[in-house]
Amino acid sequence: MKAETLLLAVGIEAGYGRVQVLWGIDLAVLERETVVLLGANGAGKTTLLKTLLGLVPAWRGAVRFLGEEVTAWRTDHRVRRGMAYMSETAVFPGMTIEENLLIGGQFLSGSALRRRTGELYAIFPALGERKRALASSLSGGQRKMLGIAKALAGDPRLLVMDEPSAGLSPLFVKEVIRVLEQFRSRGLTLLVAEQNVKFLELADRVYTLEGGRIGFAGTVAAMHENDALKRAYFGLK
Amino acid sequence: MLIYTLLAGLLFGLYFSLMGLGLNLMFGVMRIVNLAHGDFLMLGAFLAFWLFNLFALNPIPGVAVAFALFLLAGLPLYYLLVPRLLAARDPEMLSFILFFGFSQVIEAVATIAFGTSERSIPGGSMARAAAAVASLLDLAYRPGPIAFLGQSFPVAWLAAGIVSALAVLLIYVYLYRTRLGYLTRAVMASREEAISTGIDVHRVSAIAFGIGIALAAVAGVFVPFMLGSITPAMGVDVTITSFAVIVIGSLGNPLGTVLGGILYGVSYMFMQSYYSSWANLLPYLLLIAVLLVRPSGLLGRQVRRA
Amino acid sequence: MPRLLRHALFILVPLIAALAIAPAVYGNHLLLFNLIVFMTLAQGINIVYGFTGYLPFGYVGFFGAGAYGFSLAVMHLHASPFAALALGALAALLLGLGLTPLFRLSGAYFAIASLAAALAVLQIVSNPALEHITNGPYGVSLSGVFDPSLAYAVALAILAGTVLLVIWLRNARFGLALQAIREDAISAGMAGINVVRGRVIAWLLAALIAGLTGGVYAWYISVFYPETVFSGEVTVFAIVFALFGGTATILGPILGVAILYGIYNAIGISTPQYFQLVYGLLIMGLVLFLPNGLVSLLRRRGVDVP
Amino acid sequence: MFPESPLLAIDGLVKRFGGFRALDGLSFYLREGEILGVVGPNGSGKTTCINVISGLHAPDGGSVTFAGRAIGGLKSHQLVRLGINRTFQVPRPFMSLTVRENVAVAEAYGGKPQERVDIGALLASLELAPLAGRRAEELNSAQQKMLDLARALATSPRLVLIDELAAGLNPAELERVAARLKEIARSGVALLVVEHLMGFIQEITDRVIVLNAGKEIFEGVMDDAIRDKRVVEVFLGAEDEG
Amino acid sequence: MIRHTLLAALSSLALVTPAVAAEAPAEIKLGALYASSGRFASISMPVHDGMMLWLEQKNAEGGVFVKVFNRKIPLKLIAYDDQSNTGTAATLYNQLITQDKVDILIADSGSVLTSVAVPIARDNKMLLIDQTGTGATFFTPDNPYIVLLDDPVSTIWPKPLADFLTQEGPKLGIKKVAMIYATNDFTGTQANAVRKFIKESNSGVELVYDQGVPTETSNYTVLINNIRATQPDAVIELGYAPNDIAFLRNLADSGVKFNFLFCIYPGLETDLLAKNVGAAGLNGVFTYVPSSEMSYESEFGMNLPQFKAAWNKAYGHGKVEFGFNSVAGYTTGLVLEKALATADSLDQLALRKAIFDLSGKLKTIDGTFELNAEGAQIGEITPLGQLAAEGEQIKFVTVWPFAVATGKPIYPAP
């Protein structure tokens, strides 16, 4: 079975104001695949993800999703089509757990949304127990879990995540990876931007981002052979 | 006198809440300051006036018409003005100027269309509506002031109070019990995160904008009964009062408006009773005091400081 | 030639010379006087908003304080106009000092609070309880010191001083420090700038300018009501003029007043019935299409505007 | 534990945000001309520590002593004049001012009257000279970081707190920055460097401290830190670094 | 100035040789301000339109007769809109004087918009034709450049009211009087006058409630309740039209009844008030009897029915109210017309003299025109009347002074 290309970005250039951040990025995510985008702070990970989602306009290049050119689409249209995005903040702190999920699943019909939140509460029992609690009352790790649940509430085809490990203790990083593994095994397609190399455990393929350009693209094993990891991540030595 | 003043403050305070409610919703969702708020209220008042004079439509059903019409008018208006404003460097400040200009335009157009004389709707119309409602509910009521906790108040106050309370309740239900309301609150909480989540922020904001001016129009329907008469120039005073109300409550938190309105109403009525010539000074002092002690208003959550 | 001297020579000198000659050429001296008043006030706004980022929507409070300070000194102390002017400036400075706690607020909160403060001062000044001091709502009549030609000259001197101050700010390190505060107060602290002191000084300078202008306005006009010198439109005009030209520049507010005030008067005289409409539309157009002012048009073409 | 009269001495520092103790009895010291690395997982209190020392937050407990003087609770501009400065993780230049103006205003207000800084030379040393006339908002983030550093150095500091300067730089740039920082330290300025890039830290520091949950859990050289059991435990994310 | 001197010179020649009349100007330029928007629009527009009515009528007849030139000369009105803004108004007054070089300067209505014109006119040695700016401070012995044409100066305005209360009141059982007034020049001065008149009368009448409220006050319900608590025999409410509308509506809505209630605008703007308050709400209210209701023996210009008919023909659209203010504006025209017909020169002081000469002699639709030495109006006083509603019709019954009374006061009011 040949996997379908879910997301394809070609020759992306983008930036803020007059400052260019991305310089000709090519990137593909196949169906049911987990792709990790590895790079240091400031390498342009967030900008790339935001460009893919339409939060930052692409100066040049094209983004295709599910066979359609979406470069000029608004973010909400892309999300409605099946792209979900988990930002670093991930949740609305002033709103309850349940409300966060309802917002995440805004494009589902009432019954589908109820079914979906039910499923998510089953997967995240800690959230199910405190539906009415404000997200701001959750610990950092739980908040990330809620972020994941919120992003998945709309039953997306592709989940794009910006540094799920940010601000988490190693124990919770492990937990996040475990949860993602679980969704991955159910067929979710993932694109994760990370600094934390632990996430390589999840990866089918890796891209490294260095100064707004793709440094390496390939499997984890190939990357280790290639020394790309050290170049991208450790800087010196 | 004390009890009467207190009760009057409470009842009128509810109406003040309605005055500020839409303005606060707009600020909460868009972080823009609608200095034309009072002018929308004035337009709502004129609408009620014409409905009454041309179609003999009682102000109470007029509330629904005003709400619907202004909601519909608000949507295109949003797309005309706000997205461009939000793209500027300092939208919060520039909104002051933009909507000041807009208020001038509205007042000018209203003046050309309606002239400058005071207008109002006969006070009896409200009493008749109340009598009709009372007979539906099998209550004994004959047109005239209504007795309330041993004090007698104009029936319009009660009507305005009830409509205000209903409006607040509906806004609460909208924000906390409907999907669109969740999305609206999401935008209020963080515009950035809302966009990232895939919320059509402009659609949500446009609806909030529409509701904001529709609420102003609803408050406008009661102007002839609560504020005497309607003139095209009345907007400025109303805008300033609304600001005092929502800042005292909490800027950006629509439900804080209720607290602000009642506090404003009660303190205003007390000033009127005991130091009447100073009555207009108090709101400003109250506003400044509240801002200095709790910059985010009495019900505000996060503290904003430079 | 140092920049400061160049600016003084090529901006200040021609401006003052033109306005000094103008009365001989053009008979409507009050229009010219108002032009000077608004140029001065727009520069005052420029100092607070352009250089520190705070938009005082109640700027007229200082103007009114200056006007009343002047008038009270004349009425009660029988002061000479110059002494009265100093007292007017002092009144504005004291008000400014009293309002410094408002700097704890930011954005819309500051703008609204400063507006409330100005309105509060108006309410106090115009209260009949203070009739024996301020003459309350009955207004002020200063026919004894009436001397429009001298007042015109003094207003021109105040404008010259103000423009010189802005030229200095534009070229001296203190102006740079204020802009640094506006851009990022935290970084400004890390640049060794005393943020609180910087803001307060700019605020007091702006208050002083408005106070002097208010004083000389009272002198020139000599008969006025409280609403005249506390009119919110004074603030709006000054802000709109400054924004229209472009803030944080020397030339922007001058151009803004010269052009917009010119247009306003032309409309006011030619098609007065549409004045308010055109005035409102112009303001809206400014915010939507030229939020950074005229000078941004030149800047975009790479011209460095002083 | 503390040496004789260190430049900076932190003792039992506490900083609370609501119920959360971002710093929970932190103690360490820094000598003149020393480069101290501060590492730790996200949320361990590194940036809070810098914010407290640089006067952005007032401490809730403990003491901060700089050159023998208690400085807890002083305002930023006062600390700058005493000789403390910093960079920001997300650079915060004055966006609408030019590069030169950014540095000049810091030199004018934060500098010492008796030792004027040569702004041209400073900009040149941080590779900003060709950009001197540009507005800061036109710079890319690496350049803005250098501008942040230039702004700090323009005040002739004795101590600079550096919050993630290296992130986002390419290897060649990193090497130049490392060399530049060492040079600065050699001139007698103490540097406190918070950094995620372990290689970079190892390259430039004499000594590191490791933070976890607002407390110091290790002090020593980087090579030992990597072998320390407790460090490895809290720092699992770094275990693969090899 | 040169122009005026020249005119004066010319006009003195005219006395000698009527042939010079050929050199008469093509038109007489009148400069006026009005407020089409803002706070004072509803007072200003009727006055302005009333004057316009006169002007158009005269021009239709070929102009006004000017004695100096011994012929009719068309009128040209240059009118600017100050939008109720005093700053704008000041500039525009100057514009009229210095740029348009008008022959006659007419102030906008109301004290606030008139106030800024006072020093400007004086400075430019232009006679300010003050229509309804009744502020007492305008009229000082050292300023000859102002005359008030159409309303009594505010310090004497409430005299009939005070006289009635202090002379007739005790007989009717009125002892305790409550007064509430809006704190602005117009009503504040009247309140001060009432207070002074009552105090000086030694009639046993006392003020049991005497409070000012901000002019922006739009709801009086609580105040009405407080006034009622003092159990007054008579209540005086002084405010602008919006204040009176709010007060009367609140009174009706509260179901409170005062035995004697005086308000200003039910008399001055009866139609406007009736529209807003309803005829029943005005029944029994005491008020000033304005010129628009008095049917004065008009010896010059239209009489009241004629004027009302002309008004309805010209302004039937209802955007501007017929009433006291419209009569005031028309009266401005009449006084000017008469003055031009008698003035020996178009010089400003000559014009002033001509107007002063009319004092006590000119009887118009607005009553007897009479000035004091400072140019303040003291003739066109407004008697005290009581309104009687018969269905939708509202009738005035003048009750004081007796000389002009048409009926007896009904106390307690129905």
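For reference, chains read A, B, C, D and E in written order, and residue numbers begin at 1 within each chain.
By definition in this document, a residue touches a chain if its C-beta (ideal position, glycine included) is under 8 Å from a C-beta of that chain, and two chains touch if they have at least 3 such contacts.
Remember, it's a predicted structure, so these values are computed and weren't measured experimentally.
Student: Moving only between chains that touch, what is the shortest number of steps from chain B to chain E?
Tutor: Tracing touching chains, the least step count from chain B to chain E comes to 1.
Student: Can you name the chains that touch chain A as well as chain D?
Tutor: Chains touching both chain A and chain D: none.
Student: Among all other chains, pick the one whose mean CA position is farthest from the mean CA position of chain B.
Tutor: Most remote chain from chain B, centroid-wise, comes out as D.
Student: If I rank B-C and C-E by number of C-beta contact pairs, which comes first?
Tutor: Most C-beta pairs in contact, of the two: B-C.
Student: Approximately how many whole Å separate the CA-defined centres of chain B and chain D?
Tutor: For chain B versus chain D, the centre distance works out to 51 Å.
Student: So how far apart, in whole Å, are chain D and chain E when each is placed at the average of its C-alpha atoms?
Tutor: The separation of the two C-alpha centroids amounts to 76 Å.
Student: Could you work out how far the Cα centre of chain A sits from that of chain B, in whole Å?
Tutor: 42
Student: Provide the list of chain C residues touching at least two other chains, using ranges where the numbers run on.
Tutor: Residues 123, 127-129, 273, 275-276 of chain C touch two or more partner chains.
Student: Give the residues of chain A that touch two or more other chains, as numbers and ranges in rising order.
Tutor: In chain A, no residue touches two or more other chains.
Student: Write out all the pairs of touching chains, ordered by chain label.
Tutor: A-B, A-D, B-C, B-E, C-D, C-E
Student: Help me check something: in the complex, which residues belonging to chain A touch chain B?
Tutor: Going by the criterion above, the answer is residues 53, 55, 74-76, 78-80, 83-85, 87, 89, 91-95, 99, 102-104, 106-107, 150-151, 154.
Student: Within the complex, which stretch of chain B touches chain A?
Tutor: 179, 182-183, 185-186, 189-190, 192-201, 301
Student: So in the complex, the part of chain B that touches chain E is made up of which residues?
Tutor: 1, 4-5, 8, 12, 107-108, 111, 114-120, 122-124, 126, 144-145, 152-157, 224-229, 231-233, 237, 269, 272-273, 276-277, 279-280
Student: Which residues of chain B touch chain C in the complex?
Tutor: Per the stated touch rule, the residues are 27, 31, 33, 81, 84-85, 88-90, 92-94, 96-98, 100-109, 111-112, 236, 240, 243-244, 247, 251, 277-278, 280-281, 283-285, 287-288, 291-292, 295, 304-306.
Student: Under the touch definition given earlier, write down the residues of chain E that touch chain B in their complex.
Tutor: Residues of chain E touching chain B: 36-39, 41-42, 44-45, 84, 180, 183, 211-214, 216-219, 221-223, 225-226, 229, 241-243, 245-247, 249-250, 252-255, 272, 275-278, 281, 317-321.
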